[in-house]
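Order of writing sets the chain letters: A, B, C and D. Residues in each chain are counted from 1.
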């Protein structure tokens, strides 16, 4: 699309035409995942790094994705800075990318980020040469701190991972976007296309999602809908929406009406 | 788009590829209106019928739209059944269409429909040979009554006309869509692209809007965003969204994680 | 409470100190119902009129309530004007009250009012000497029409009967209250005490509820909480709340702070 | 009230009958503040510590409050750990209390807490013998960390300080309450009585507010409403609310209805 060509997203010097990043987990099978990835138009796919994926004993996700899109390994499931750093190191070596989506989870049930550890570990990984995209909460000060220590983007949650509840606190996401010196990528909570559109309208630079596509009844169709949703929201943002009003206002002129 | 070709909307026997209907009032100028209409992909445009438009003394909206899209004259500004019927008659004669968007307003400030008069007048106009699309409220019984007396579609409001507040009561719109024997077209209240997407996700067959495009800073860009929003929402609806959950759920498998 | 004494609610010339009306159905047993009624402080209780209740063959609800509070018989379960009128007549004869809560349901599953029939039947019952309190939807024009034909109060729903979803469209309730020439009693949808408080803050004159108390784990305690909720909301309404702001504003003066 | 007597709140060994804490800033005058404090039933009042208040050159807030309620000095306006600690020390010396509401603000415009500094400073003050109640965000991991380092209670925000927007993310407050080993006091964002009731219903142990009372048109009446709102919400919480349902459910039995 012409719009996209003239409105690229740039993170850490890498340019993207698509503002949708897609996760690769939980699809019915690998073919559906690949078709969904294609339908989404995404140029970057996240994948969790586990020992088995990197062992080479089975044909894995890596082989089928590599070369098609950028890989964004993530540290999903890591609860300590130590595990996250180790996972990041393994990912860099095996995948030949220094990009890492940093997840540092503070609670196994909520999968909510641990901000104190996250800021510290982001700084360490940045100093170690990584391009770090930390998964964080909708805390504008945490987002600024992450940017201050070198995060290439910040990735606040809309709502709990995998909940599909959408954006619980839209005003806070909007405030984060207004203040962030680095791109804001909404991550977690997206359940349907209007959620993705809303994220972009609030000022996010991109959206990352997984379950909303992989667990839709028709993942490929939903991937396509998400692509459109992100483009719709970005377009609406750039178009400058009408103000909200507390009262009605006629769209049609009232002069000359019959009975008017 | 292939999706649209295989998923047409049919109202009163007329088939539409686009599920977005656009109003023609309140644009900065006629060129912007025409460009927005084109960008929206809409195949049907609403216009209010006023005496002056039909008098022929000036080149009007009609001349520039006629032939490009279907015309859907509306009775905006009518507060009595008498005025609405008279306006419908004038529109039919002048525009050579028996389609009418019936607005019967019960309050000048809220521009809220008067359901009692609306049901009665819909029936009369249907009996008089009109294809009637009544603008109504988010009342499932009113919607069913309107369908019972022959409305070709029902057009419940999302929120007050021109307010841009979006869909105030999404659950009720969803219940109306589940029950309606005729297409449901969300009309009024849409402020931005995610609102349009949400309407489609709730089960609406189409969206009608005006101010959200005409009063955007860049109406043409917003028209394009609305087009994408409607397509995104329709796609997400057909794809079957994931269920909402009260708790987090990991998208990535937890087996084999470092430290897991 | 002194506040209540100086701020009575008047409906059709009858004065109430309590702004909470309570339904009498669905309690674990009659003792709990009576205790809840007492704890609620309510001065008017609704009850559905069924043939069996009025037959005299069993000691019924009537005997235990009569004399304690005003009775507001309702036409719950009536789907036609004929049944509603017949039920009202029976209630008037048996209960010796001309007050009636008019329910005219248009859909067995949604228990949503049928506005067209409701307006007509309200007028008929008013002409027949009843004090009519119609259960309606959150439609400001319907509410005005009901008042115009003589309703003593209007009773818009917050959300579906028995759903406990609270007030789905608060802005519309607020607009109804601003415009209504008769008292507005929020009826249906209240799930908890904050819902009741919110109804009063939006400008309602009173709240009617049943399931939120009868189906609470501890109905008597919930009845007491509802009483406080209604008083809290009424007090907040009369106190004049602070305006909402889009940004933070310090409550404390900033002058003289350490480090300030 | 008997309810309160048998349901005391205990923080750091101090027992409260009232679950409402009130701020003392921004009232029209000192008399209104004192009357509001009395009407609120609060047993603990917060006040910001500034150099001038403690200098003794003018009759201050302290003199009129001391002895009536517990004092909870706060570090409002502090943007660094150093300033906060210094302010806490001054407060302890001048007010003869080791209780401190710790505010450590990360942004002058949003007045949003800086979680990284807050956790560290809470720990330091606890080690220095303070009873620390930190003002934090609605982050369940931050809340747990604060409790882990010895916070006597955690005080998550409902929405931005002084915004009156209510509870932006109720689900997250509920999750925090379910998990917190120390009392949760909702602090910031309350605008009206139903907000206070909702906080209690979500499981909060108490509510702290200031602007909602001091900037109401009638602060004393609003203080009374807040008292009732907190009691209503606490009562509803203990009563165990009905479940929410997606559909309607009749409160009245359907058997024996006329026309049924």
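Everything below uses one rule, namely that a residue touches a chain if its C-beta (ideal position, glycine included) is under 8 Å from a C-beta of that chain, and two chains touch if they have at least 3 such contacts.
Because the structure is predicted, anything quoted here is derived from the model rather than measured.
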Identified repeat of the C-D interface (over half of residue pairs identical), from A-D, A-B or B-C: A-B
Separation of mean Cα positions, chain C and chain A [Å, integer]: 46
Distance from chain C to chain B - Cα centre to Cα centre, in angstrom: 34
Chain centre separation in whole Å, for chain B relative to chain A (CA means): 32
Set of chain B residues in contact with two or more other chains: 110, 112, 165, 171, 246
Contact graph of the chains (line, ring, star, complete, other): ring
Interchain contacts, given as pairs of chains that touch: A-B, A-D, B-C, C-D
Residues of chain C that touch chain B when the two form their complex: 106-107, 110, 112-116, 119, 137, 139-142, 144-145, 159, 165, 168-169, 171-172, 175, 179
Residue ranges of chain D touching chain C (in the complex, touch as defined): 3, 23, 25-26, 47-53, 74, 76-80, 82-83, 86-87, 90, 109-112, 160-165, 191-198, 201, 210-212, 214-219, 221-222, 224-229, 231-236, 238-260
